[in-house]
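Quick heads-up: structures coming right below.
Below, subunit A partners subunit B and then partners subunit C, in two separate complexes.
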Partner chain A sequence: MDGQGTKHRILMVSDFFFPNFGGVESHIYYLSQCLLKLGHKVVVMTHAYGNRSGVRYVTNGLKVYYVPWRPFLMQNTLPTLSLTFPIVRTIIIREKISVVHGHQAFSTLCHEALMHARTMGYKVVFTDHSLYGFADAGSIHMNKVLQFTLADIDQAICVSHTSKENTVLRSGISPEKVFMVPNAVDTAMFTPSPKRLNCDEIVIVVVSRLVYRKGADLLVEVIPEVCRLFPKVHFIVGGDGPKRVRLEEMREKFSLQDRVEMLGAVPHAQVRSVLISGHIFLNSSLTEAFCIAILEAASCGLLTVSTRVGGVPEVLPDDMIVLAEPAPGDMVRAVKKAIDMLPGIDPQIMHLRMKELYSWDDVAKRTEIVYDRAMESPTTNLLDRLPRYLTCGSWAGKLFCLVMIINYLLWRLLEFLQPAVGIEEVPDIGPLHAHLGSRNDEAQEK
Partner chain B sequence: MEWPPPSTSPSPSLVVRSPRQTVSLIRNRRPHRDWAPSSRSPSFAARDHGPKPSEVYGFVGSITTVIATAVYLAWAYTPEPVLQSLGITYYPSKYWALAVPSFVVVTVVLSMGIYMGLNFAATPPPTSFSTIFDEKSREHTAFSSATEDERPIEPISDIGIDRINSLMFGDR
Partner chain C sequence: MRSYMGQQEDGMSDGLYTYKHHRERGADIHTIFVKKSKFRILLSFIGTTFLLVSVCCALLSKDGLCLCSLWSISFASVIAKCLRCDPVKKESLVIMPTFGIQLEQHFWSGRVHRKFVPIGKILRPVLNEHVTPVSCYWSLALLVREEYELMLVFKSLNPPVKMLVPIWKALCAFVDSNTLGNSALPQST
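Up next, the complex of A and B:
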C-alpha cells in the first residue's frame, strides 16, 4: 500500500458543495472521502454559504475553504476573471497542492481556479457533470467558456461515454485527454428492505426535483394513464419544485388523491426509506449525463423505468432497467413491461450486483489513474500554451491569449508583492480515520 | 414481446451541428463503440420541417451584428464634412460614439470594484463565531456498525476546532 504510486495533494474546486445539495456536491464529497482513504490529501474550495464561511474540517479531516465570495446567480459567483487569483494562489501554496481538480462546467469558481492554477504551472483536471446543447444562447456561451478552460487542460473526466462525446464536441478538446469515470452510489447506505414486498399492490416511486428538465410534465401525463390501466398501482412522488403545482392539479383532476402520494422535499438521508417502500422506480428526465438516482434505486432493489436520454442507457444492465422514449405513450408501455417483469426481480441479488458494478472506491482508484496521467504530462510555460488558445477561434483565440497574458502578468505582480516563500504552509493532521478508530476504542474503554 | 434494440444509426445532428476537427475522429471511431448510442430526441423531429427558430435567430443575429458594427465605425470615424457631402445630414451626435463605450468600460470596472468590496464586507472578522460554527454545522454521529462487513461512507459532519488543534499541534 505504501509503495503503491505517489501520493497526490488535490484541491477540489467548485461553486457547489455542502450545505448545498445535489449530484455535484455528493460526487465531490464521496470522491474526496475515498481519496483520503487511499492516502492522498484532499482540500475543497468553494464559496461561502451564508454564515458558513472560513476554513472548516469535516468528516475524516477533509478540509474545506469557504471563501467569502458572494454568490451571484444560482450559487455561482460573478465572473471576474482575475479577482480570485490572490486567494486561489494563497490556498494552493499553503496546502502544497499538486493537482487542482475542478468540477462542473457551470461553476465560475472552477473555471477561474483552473485558469490561475494553470498560469502558476500546476496540473489541472476537470470533471464535467452535465450535458449541454449546441444551439441555445446559454449553451453557446457556456461552450465557449469551456473551450477556453479545456484548451490547456491536462486531463478531463466525464461521467459517461455520452457525456464524453458531448464535451469533446462542445469544447474541441482532444478525445485522448478525456477519461470516462462514472458516478457511483454508496451501496452500504442504499440497501433493500429485509422483508420483500408482496405484489398485491404495486408501488411506483418517483424521487426527483419537479422541474422541466427532470420531465415533470411527462409525469403529469403518464401517472393518470398508468393508474387507469392498472387498478392496483400506487405512486409515491418525492421532491419539490415549480412543477409540483401541475402534479397537484393532475391529482385533483383525475381524483387520484388516494393513489398518488406527494411527499414534498425528501432529505437525502431519508431517500432510502422512500425507495424501499416501492417496487418500481420511475425516472422521467429529459437530459442526463449520468443518473445517480437510478443507481440508488437499483441498489435498493427497485426495477427502474427511465427515459432513454443522454447517458442513461449506459448506466444499468438491460434486465435492471426498462428504457422508453421521452413520450407519455412509450413510457406507459414501459411501465407495463416493468410490471410484467416484477415477479422475477430479487432485490437482494440486484443489490449485490450494484455493489460490484458501482462503488466510490472504484471511482477513486480510476481518478487516481487520471491524476497520475496528469502528473506525467510535460510542464509548459506561457509561450508554449498561447498557441493552444489561438486555435479557439479567429477572434476568440486572440482574446483568450490576451486574457492569459494579463493573468500571467498578474501572477508575476503577486509574486513580487507577496513572494511564495513568504506564505506559511499549513501543517498536516495525518490520516484521521486512524484517530477516529482509536477514539472509538477509548470511548469503549471508558 | 422482445423490446426493440436501440437505434444503431448515428444521429446526423452530431455531425452537422459542430464542424470541428474532432468530428472526423469521432466518426472514424464510431464502428468501435461498445455502448448503445442515444437515439434522437423528440425535438429532432422538428428539424424535418425547416430550420429551427434558434438557427434563424443565430443567422440574423450575426448578420445584424456585422452591419451594426460597420455602421457604427462609419459614423464614429468618418469626418463630418464627408458625411455632409454624401448627403447624410441627420445622425446622432458623435459625442455618443465615445461616451457610450466609456460608460460600458467604467461600468464593468466599477462593478468589479464594488463586487470586491461586497466580498470584503461579507468576510467575517477573525474573532467571529462564523469562522468556526454556524447553523448548518453537524455533529459527528458515532457509527456502531464498525464491525459489520458493509460500512457506508460516513455522512458529512463537522470536526470541532479543538480536536483539529490537538491533532495538528499536539501538545505544543
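Up next, the complex of A and C:
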C-alpha cells in the first residue's frame, strides 16, 4: 500500500439509492461520481425499485446493481441475515472489490453486506447519516444492530461531530475509528436567481417531507403567528407527507389561503426553482444529523432559519443562518431576526462562499483517506474477530458470535458449491459492449 | 476476459458447458451443450426407488394404508417428478444468411423446440448482465422490433461469457451485414 496513491475498488451498499430521492441517495451518488473522477472503481448495490431491476449504468459509467429483492418496509429489504450472502459474494468477486462501504444505519442490505464482507475477509467502511435516540424500543433495537455491525468494522464515517458523538455512544465503537466527513452540495445545480428579488414582499420557503421528524407540527404553530406579525410575508410549502392534512387545516382555520401556498411533492429537479422564488428558507426539523436542504438553500442565496438540533449548528457560518430552539415562540423570534438581516444578504456572494465551503471533490478526497486507513488495518481471522462480538452484551454477544459462525460456515459451503474461480470477473471499462468495441477498434488500427 | 477477445475458436469447454461452432449448408450453427449432472441422475434413481419401496411397503403391510405411508408416497412422488422432469441437453443458434435466425432447444427426451426470428425483426444483439436474487451471470439477448422485452438466445442455459462473446460477434456481423439492420439502428463508433 502506498497510501494516497492506492486506487480502490469500492462497493457502495445501501437500500437507499436513486430513483428514490433523499440525503443518503444524493450522498452515495455524488461521492461515487467524485471517486470515479479520482480514478477509483465504484459499484453501487441496492434493491430493485419497481421495474428498475438488474444492472444499470448511470452518469460516467457508474455501475448500479438493482438486486431483485423487494422492499418490505420504508424502502428496506426484509432482514434475512443469510439469503443475501450469495449475491453479495458474487458481486464482490466479479467486480474484484477491495472495500465495501455501507451507508445508513437503517438499511438492512447495508448491515448484511458488511457482515458478509467481513466474513469473506474484505475491508469494510460504514457511514452513518442519521441521529438516533436511546430510549424508545425502535432505537434500542437499532442501536443493538449497529453495535453488532460496528463491533468488527475497519473504519466508520459520520456526517457531523454531533453525529459522530451519537454513533460512538450508541455503538460503543472506538472514537479513533470514526471520521467526520460532512455532506456537500452540487453548487452548479443550486444557483441563485440572476435578478435580485424585491424585498417589499418577503417569501419564506419550506421544502421538506411533511412528517413529525421534520417538525411539521412546529410549522402549524409558527406559520399563523408569523403571518399575524408580518403582513407582507408569504409562505411557499413544498413537500408531502402524513402531516400535510394538519397544514391544510391550519390554512383553512386562519384563512391563509392567499398567503400560504401548498405545492405538494416537489421533484428534485424542480427544488431550485422553488427555492429561488423565496428570501428565507425555514427548516423546522426536530432531529437532523446534517441537513443537506440547508446547504441547497444557502447555495441558492437564501438566508436560513433553522432549529438548533443535531448537526445543524455545524453546517453554516453564523451570518448565513439564524438558529432557534424547536419551540414556536423562539422560531418566530428567529424569523423576525432573519427579516431584519435580509437587506444585508447578497445571494451571489452567499453562493460563492458555499462553493468554497462545500464541494463533493473535497468529500471524496477525505473519504479516500478513510479507505487508505481501512486498507492498512490488519486482516484478522474468525477466531480473532469473535471476542469483539462477545463484548456486545452477555446474551447479545453470544448470539452475535453464533450468527458469525453460521455465516462463516455458509461462506465455506458457498465456496464449495460455487468456487470463486467459477465466478466470472467483469471488465472495468463500462458495459461489456463498449469494452469489446474499443478492443475491436484497437485491433483494426493495428 | 482478454485471453479470448481475438480468438476465432470452433469450440471450447469448461466444467459444465461445451461450445461448438460449425457451418452446415450455408448456415452458421452455434451450439451450447450441458453435461448431465451425475448427482441429479443419482437423486432421480434414489427418489424412484424410494417411491417403489414406499408403495410396496404400504401394499404389503397388514395395517393397510396409514397416514405416514401416504405422506412418504406423496413426498417420494414429488421428488421423482421434480428430478425426472425433462431437462435441456443443448441449445443452438442457427444463423441463416438473408433469412434470419433460429433458436433451438434440444431436450434429453429427444423433444426439440424451435423458434424462428426473421432478419427484419432483429434490431441488435446484446450481451446483458443478468441479476437474480442470488446470483449474477451474462446472458445473450436480442432487441426485437415491436417487442417490449428482450428475447433470450439461450433460455435455459447460462454459459460463461467467453462462450457468448463469439456468438455475440457473429450475430453483430450478421445484423450489420444486412441493410435493414443498419438502417434500423445507427452503429456506435
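The rule is short, and it goes like this: the second predicted complex is superposed on the first by the 425 of 446 C-alpha atoms of A that agree within 3 Å, B and C clash if a C-alpha of one lies under 4 Å from a C-alpha of the other, contacts with A are read in each partner's own complex, and residues count from 1 in each chain.
The rule we apply is simple: contacts are C-beta pairs under 8 Å (C-beta built on N, C-alpha and C of every residue); 3 or more make two chains touch, one makes a residue touch a chain.
Keep in mind the model is a prediction, meaning the values are calculated, not measured.
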(Q) Quick check on the superposed pair: does A:Phe254 touch subunit B, subunit C, both, or neither? Answer first, second, both or neither. (A) neither
For this session: Would you sort A:Thr162 into first (subunit B), second (subunit C), both or neither based on which partner it touches?
Result: first
Touch test for A:Pro427: subunit B only (first), subunit C only (second), both, or neither?
both
Check whether A:Tyr408 is in contact with subunit B, with subunit C, with both or with neither, and answer first, second, both or neither.
neither
Request  = For A:Phe230, decide between first (touching subunit B), second (touching subunit C), both and neither.
outcome  = neither
Winner on subunit A touched-residue count between subunit B and subunit C: chain B
In the superposed arrangement, does A:Arg94 touch subunit B (first), subunit C (second), both or neither?
second
Practice task
Check the residue A:Trp69 against both partner chains and state whether it touches subunit B (first), subunit C (second), both, or neither.
Solution key: both
* **Contacts of A:Ser53 with subunit B and subunit C, given as first, second, both or neither** => both
Quiz item: Should A:Phe179 be classified as contacting the first partner (subunit B), the second (subunit C), both, or neither?
Solution: neither
Subunit A contact set shared between subunit B and subunit C covers 53-55, 68-69, 83, 427, 432, 435, 437, 443
Interface with subunit C, subunit A side, in the complex: residues 53-55, 65-69, 83, 86-87, 90-91, 94, 422, 424-427, 432-433, 435-437, 439, 443
The subunit B residues in contact with subunit A across the complex are 3, 6, 14, 17-18, 20-23, 25-26, 29, 33, 35-39, 41-42, 52, 54-55, 58, 111-112, 115-116, 118-120, 122-124, 130-132, 134-137, 140, 142, 146, 150-159, 161, 164, 167-169
Counting only contacts in the complex, subunit A reaches subunit B at residues 18-19, 29-30, 33-34, 48-61, 68-70, 78, 80, 83, 134-137, 140, 161-162, 165, 168-170, 172-175, 186-189, 191, 269, 308-311, 313-314, 318, 322-323, 325-327, 337, 355, 360, 427-430, 432, 435, 437, 440, 443
Listed in rising order, the residues of subunit C that touch subunit A in the complex are 1, 5-6, 15, 126-138, 160-162, 165, 168-169, 188
